[in-house]
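Here chain A shows up in two complexes: once beside chain B, once beside chain C.
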Partner chain A sequence: MIQSKKTRSKKTNSNKKTAINPNTKEQIESLKQLFSAEINKDFCHRTVFVNFNKKNAYLFYYSSIVNSDKIEQAIVRPLLEHDGETYENVLTNESFKIIDTLEQVIDHINSGKVVIFSEGEAVAYSLDVAQFQHRNVSPSANESVVRGPQEAFTESLHVNISLIRKQIRDKQLITTASTVGKRSKQDVTLIYIADLVNKEVLQDVEERLRDINTDNVRNVELLEQFLEERPYSIFPSIYYTERPDNAAAYIEDGHIVLLMDSSSACLILPVTFFTFFQSPEDRYSRFMFGNFSRIVRIIGFYLTTMISATYVALANYHSEMIPLDLMLAITSSRERVPFPLIIEVLIMEVAFELIREAGIRIPSALGPTIGIVGALILGQAAVEANIISPIIVIVSALSGLTSFAISDVSLNYTVRITRFMFIIAAGFMGMLTLMGALLLWIMYAASLKSFGVPYLSPVAPTFRSPKDTIFRKAIRNEHFRPGQLRPKDMRKK
Partner chain B sequence: MKQTDTLKTGEMFAILSILIATRASDSTASLFTQKTQNAFWYVPFISLLVILPSLFLLFYLLKKYQDKHLIEMMETVLGGWGSKIIGLLIFISAFLLMGLGNESYVSQIKILYFPEAPGITIALIFFIVVYFSAKKGWKVIGFVSKVLLPFFLLSSVVLIALISNDIVVDRIFPFFGTGMQDVLWEGVRKGSLFYEVFLVTIAYTSFEKTTYFRKGVIIGLLFSITQLITFFFIYATTYDYNSIEKMSFPFHDLTQYVNIGSFITNIETFFMVFWILASFIRFTIYLYIITWIFASLFHIKYIESLLLPIGFFNLIISIIPENVIMNELVFRDALLNYTTPLLISFPVLLWIVALAKGDLKKQ
Partner chain C sequence: MTYKKLMVLFLFTLPLLTSCYDKIELEQQSYVVALGIDKGEDKGSYTFSFQIANPEVGSTMATAGSSEEPKETVSILGSDIITATSLANSFVTKKIMLDHMKIIVVSEEVARSEGFIRVIQSASRIPQIRGSVQIVVSKERASQFLKKNKPTMETRPHKYFQYMLQRAQQTGIIPDADIHRFFQITEGDADLFLAIYATTMKEENKTNTKKDHDYLAGEIPKQGGNPTQFMGSAVFKEGMMIDTLTGEDTRLCNILDKTVDMDELFVSFPDPIKPTYQVGFNYAQSSEPKVNINYDNKANHASIDVVVPFELEIIAIPSMVDYALNQDEQNQLIQKFEQTIEAKTNQLITKSQETYGSDPFYWSLYIRKFFKDVPAYEKGDWNKKIFPNAAIHVDYQLKRLTFGKMINDSKIEEVRD
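== the complex of A and B ==
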């Protein structure tokens, strides 16, 4: 019922079309009113006397988002000087388009095109002269690698697509656009290899893009939240990266990449848990070196999620497991601390999270302060004041630092939230509840799907795949694409 | 999109291994030693031999009646009432066994790790974890079993490696323990040790192909019997015949006995972590399977909504026995003995009826 209502309202929306009034004077007046021309400073309208048909032409555009040189060179001068039969002959720009509804006119003006009305005609002509301002291509700040290309995406669709095309010179590499947003219409560009991508996944994505019902989706960061299936889940289901080389690698495996004009990153889907676990550098390094850093990362993953919780469980409930000498050292250092162990651990973990959050938000000029405050006050002074015991500093520093081994920003959050859940679980009844929490956590992860692909595949359920999960094979021995995506072409030739 | 989350041989193997091989770590061993003393280590093998013909008969029937799981197949063969009676018998004995097994695990955790905690709290935690895991559904249970099985194997390999120095192989003598007849009889009576293999046929149709199910069961069964006998052998050769009778929890005694070097001497918690995880999954699978049997007996569509009542009644069953000795040596022992004839006879009954109806000739 709800579904049918939705589709009906969509239909009426898309069917609303107004033809262009052949009475150009009236049309122009209404257009000016629509764009509030008197008060809108960067909205431009010019009148040009056209040489070839000796009639007036009216140009409309936003001066802030177009290249004004290009307007002079490619539009105004030809109209004033050149001879020809039709507008198409005179304006030879490659983006020349004839449009016939008012809605199209509005869209085109909003997206940085010049729309030309000719006296007495029921159509308008549009030329793309957009020049949105953006940053230059710069090195990746959040996903830096030692070995591998340094370029990162920037806030321009054209530049981003060119960065991807540079790496995949394939005629089947398709970039299609669909619009999202009801009020401000933004283009979302889907990039994929047509003879690899699974059609059903593609349709699913396009459908979800169509179903987004909101006024404006400004960038991919917001788009991710509109697209994902479970907004309350602690696991990310769409991969977010700012590296074009990473995006290209996933496209070649049959994934779909989404780009938007004002984001310096892209979204990759569908993904699995292992996508987030891996870093592009693992593949750029040689087999041994890459797998070594994977081992380091899996240790980091274990430590950051479990070490504090394990410490709470062991020290509170299973102290016989800790060797006697160490146990005595721990006990004597805790002698003068008034809090229960779990409170101590939570204080330090929260403190670390605070330092981390402050470190991101602090103006860079004040950066060093945070180190001094963090190290001295929270480390040294808190121990001396008997608020926490020294071993807690070690444990929480270990769990905090190892969380940086998880390079992906989204999974990093997952891991940090998980850590707190595990600490609290371990505080209840030691290993019993900790293992219960761990099992439920794994169960939850296993039940997730990202665009129809199980989250723990290709391990469980099993698929024919490059077996690039926790460890990877030598590149020359990877014969298949990830089977969980059901790509059209399984074999990497 | 074409289904991407399908169960295969690996999942079946993992499920069955967790269901049966974890028996090596619970009190089943001490149950056997009461009657057979140090000959108990090969009793599972006798039990398997006893149960095997019926098992193959059941598989044969399932293969003949394609695309039907245990209860559906029984309904086709026996009709409404007959299948309901046998189905209910199977369900009730499985339900009781799960309840008593639950109490056994809870008291193991309580006695060994949380002596001061009230048993009901541990039982409740157990119930909560098992219920919420089971709620994720059969496929997820399969996937998680498969992900975690290697870790369980790793921990048992570590345990075997650490204990191997203390094994005295000569302790298997006298080979027939309390006497050949006792040992054989005990093996026959405990055919229900492999009850789970019969129960799990309820999932016959949930796999991508039924061959995956059969393959998984056969490999899982082979693996489980190996694991059981290996561990029982280790218990027998570590403890010798007089003390073994008095061991309530041989697995935990073993983990408390071993150490790594002279610095880390108490590593039982390390093994307990994997043991608890395995027990959680074991009961999750168990709860899901018996709920599934119940649901398909009465044609109830939503298995997940039945998990809570069945799980809860199970919790109640599990707190009825007064103490672990009563539970283990009286109730569970008797129940295991009584279920064996049921398991051996019902596939035969099904086969005879199917033969009489002439269903088996058509295909």
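== the complex of A and C ==
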């Protein structure tokens, strides 16, 4: 199942280790130089006279990413006042660590820890006092639901993991970390249920994370592009969501979730086409209601990809298929329009995309303007100026609005690009080329794989599954996990 | 340039060669709604009339075309339909499209001539003309028919033809006469094809003695409205018109022909007890008639038993005879009705056996199973030997009689005392 990956020439990581110099004076001087202490304003170094061994201790940290109260409470005061024999006795913080290479020292300082050098010792002590700033947990903005939990991920790994653990209280829920980036080392946390997840998929993901060869991967949005198999494909192969409940649901089915400290979303893999097609609310609503909204979404999917193209094909090549009344209406309105019909359609589709793009980028204070101008241009004015015919407004508004039924942002782009491909295809030879383009589109989707899982499974090829693809069964009748993932435990009970 | 770039360039330029092969914009076409066929001056030449819909009339665009005619009718001499369209382009601005044509009007003169099947033949050859186009035979010249037809309620001509034919076919006074059926029956060479009969001319001198639906187009005594009348049918034998049938006979044909759908019709016939009055019925063909053929292979003789189950709803009893509650009178009524309709049917069958020598009911369908293969069937010869000599018995059977929402009429003696 797992594709043999291209054997990339692995760059041997420069894993040279430099021991800590027992001559502490020299050591701290070189460290200061390394961090450009003179010009780097938030780099702090303090000297404390330690009570228990009557020697100097040197503290290094970034003041901007640590909790200074915690330094006072947990480090400085114990060192100044407490008695004991070793640092381990005196500093009782749970994250206390002894490190012995310079590389570790640098990593720890960068990730918000305090590193303590004791005079004359060839080791250093590190304590985690990191406090990266982040937002509070807020409602999901882009994947809102009416029925279901409202909270969304925020830009903090700890908070995000806690949001997931809240929903899965399972001892087998594992969070492992791997590091990506050569210059700036970032943690990527993999979350999965150890006795469900397919080991091969897990190994594949870990291997790909190791193979990322770049200076810095700042967030999961960038990570997605480093991980995916086909960067030029129009289909997304990794699911991106900001909803912890969504993530939890996929973890329970045997998927793997990737989190990073600086992203308010997670990546879920491996996935299929139907993952993008579904919304978590389909499952939160009752059987009938959920399936109803699935039907609406199918209609929306069909309309948004095909309606403009079908209109072009019918009007330019198969006018005998249009009812005569409608055709006379179109004809009479088109008699004063200067452009060929396909240009008309493209003008309106492009105008809609422009307004949509501008609507996202426009400062929110100017938001209402876009609505007014957009409605005026797209609606009445363009028709009255005889630039387009009124029916085009209906067609493009329908295809534009129905695209919002596809809630997933990635698939939404797929659908919008597809629409333009279909319109142009329909312009060549009508229904013949339109159907040809549709066929190629489906064939391409069928040829894709996401981390070894066929993109159109469990429909083609067929797998045993919870039967939650286009429609879903009643929740109590779902017996299996998705078979295409080959989970260790197929049964859901 | 690399191989890849060349490939991309090649792929993108390739579609340009297709040049959008048969693409045509909607506004570059003229839509013919009705086609008329008349005799030309020489033998083998015809006058083709195209009735073209004006798209600007009837649209919501307020500024456009409000003073224009809803249709334009042009006539041109030619030898076949398609070449005539290209000749017509010398004065019609756009490409003439026959895709949306609703009817073909043939003048009776052409229909009765030997050349009709030759000129209509091309309709089966060109894909533009649909199989569902209805054939109408007009008493006058087709061009005159199309010009004089001025519907007042439906501005757009195609709407008029669509509604007019649809409703007239539902009531059964005109046959279902699409082009596909014409070729099917004509090439089957066994039955008679019925085309729609229509005219815009009014018969002035007809005595007004006819009752109910026993009219031909043009004979209906009416006032006001569009001069066009669709009534009755033109009988085609072997691709040539031989006779006409009245609306009532056409109804009987529709009842006896299982391949035609007819839902309900209103009829009136003389009251059996007070013959000066008429009784009004709603006749409903609830289930298909059963055509049962017994074929004697040696004598090449067939006996045909037809059972027609039907339902009646009485909608008017102007004589105020108490048919609802008086069983005797009710039986009389039913008997009289069945007798009347059976007599009329037998009359029609005798006429078709003796005069036409073939049947307009498409009954050859039910004899085919008695033959081993096509040559045997052709040897049996339905329309020359079997049908004219067949013993035919038609039995109408009343399945249900209802009296509308009120059983009793006003008691006339008590009202007028």
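The rule we apply is simple: the second predicted complex is superposed on the first by the 480 of 493 C-alpha atoms of A that agree within 3 Å, B and C clash if a C-alpha of one lies under 4 Å from a C-alpha of the other, contacts with A are read in each partner's own complex, and residues count from 1 in each chain.
Everything that follows uses one rule, which is that contacts are C-beta pairs under 8 Å (C-beta built on N, C-alpha and C of every residue); 3 or more make two chains touch, one makes a residue touch a chain.
Keep in mind it's a predicted model, so treat the numbers as computed, not measured.
**Q** Quick one: is A:320 in contact with chain B, with chain C, with both, or with neither? Answer first, second, both or neither.
**A** After superposition on chain A, A:320 lies in contact with both partners, chain B and chain C.
**Q** Where does A:341 make contact in the superposed view: on chain B (first), on chain C (second), on both, or on neither?
**A** Once the two structures are laid over each other on A, A:341 reaches chain C alone.
**Q** Based on the superposed arrangement, let me know which partner A:429 touches: chain B (first), chain C (second), both, or neither?
**A** In the superposition, A:429 touches chain B and chain C alike.
**Q** Touch check for A:332: first (chain B), second (chain C), both, or neither?
**A** In the superposition, A:332 touches chain C alone.
**Q** Give the label of whichever partner, chain B or chain C, reaches more residues of chain A.
**A** The larger set of chain A residues in touch belongs to B.
**Q** With both complexes overlaid on chain A, does A:417 touch chain B (first), chain C (second), both or neither?
**A** In the superposition, A:417 touches no partner, neither chain B nor chain C.
**Q** So chain A touches chain B in one structure and chain C in the other; where do those two contact lists coincide?
**A** 317, 320, 428-430.
**Q** Touching residues of chain A toward chain C in the complex: what are they?
**A** Going by the criterion above, the answer is residues 315-317, 319-320, 324-325, 327-337, 340-341, 427-430.
**Q** In the complex, go through chain C and note every residue touching chain A.
**A** 15, 18, 20-27, 29, 31, 33, 53, 55-56, 58-61, 64-65, 97, 99-100, 128, 130, 156, 158-159
**Q** Mind listing the chain B positions that touch chain A in their complex?
**A** The contact residues of chain B facing chain A are 1-2, 4-8, 10-11, 109, 113-114, 117, 121-122, 125, 128-129, 132-133, 136-137, 139-144, 146-148, 263-270, 272-273, 276-277, 280-281.
**Q** Can you list the residues on chain A that touch chain B in the complex?
**A** 198, 200-201, 204, 314, 317-318, 320-321, 323, 428-433, 435-436, 438-440, 442-444, 446-447, 449, 452-454, 456-457, 459-463, 484, 486
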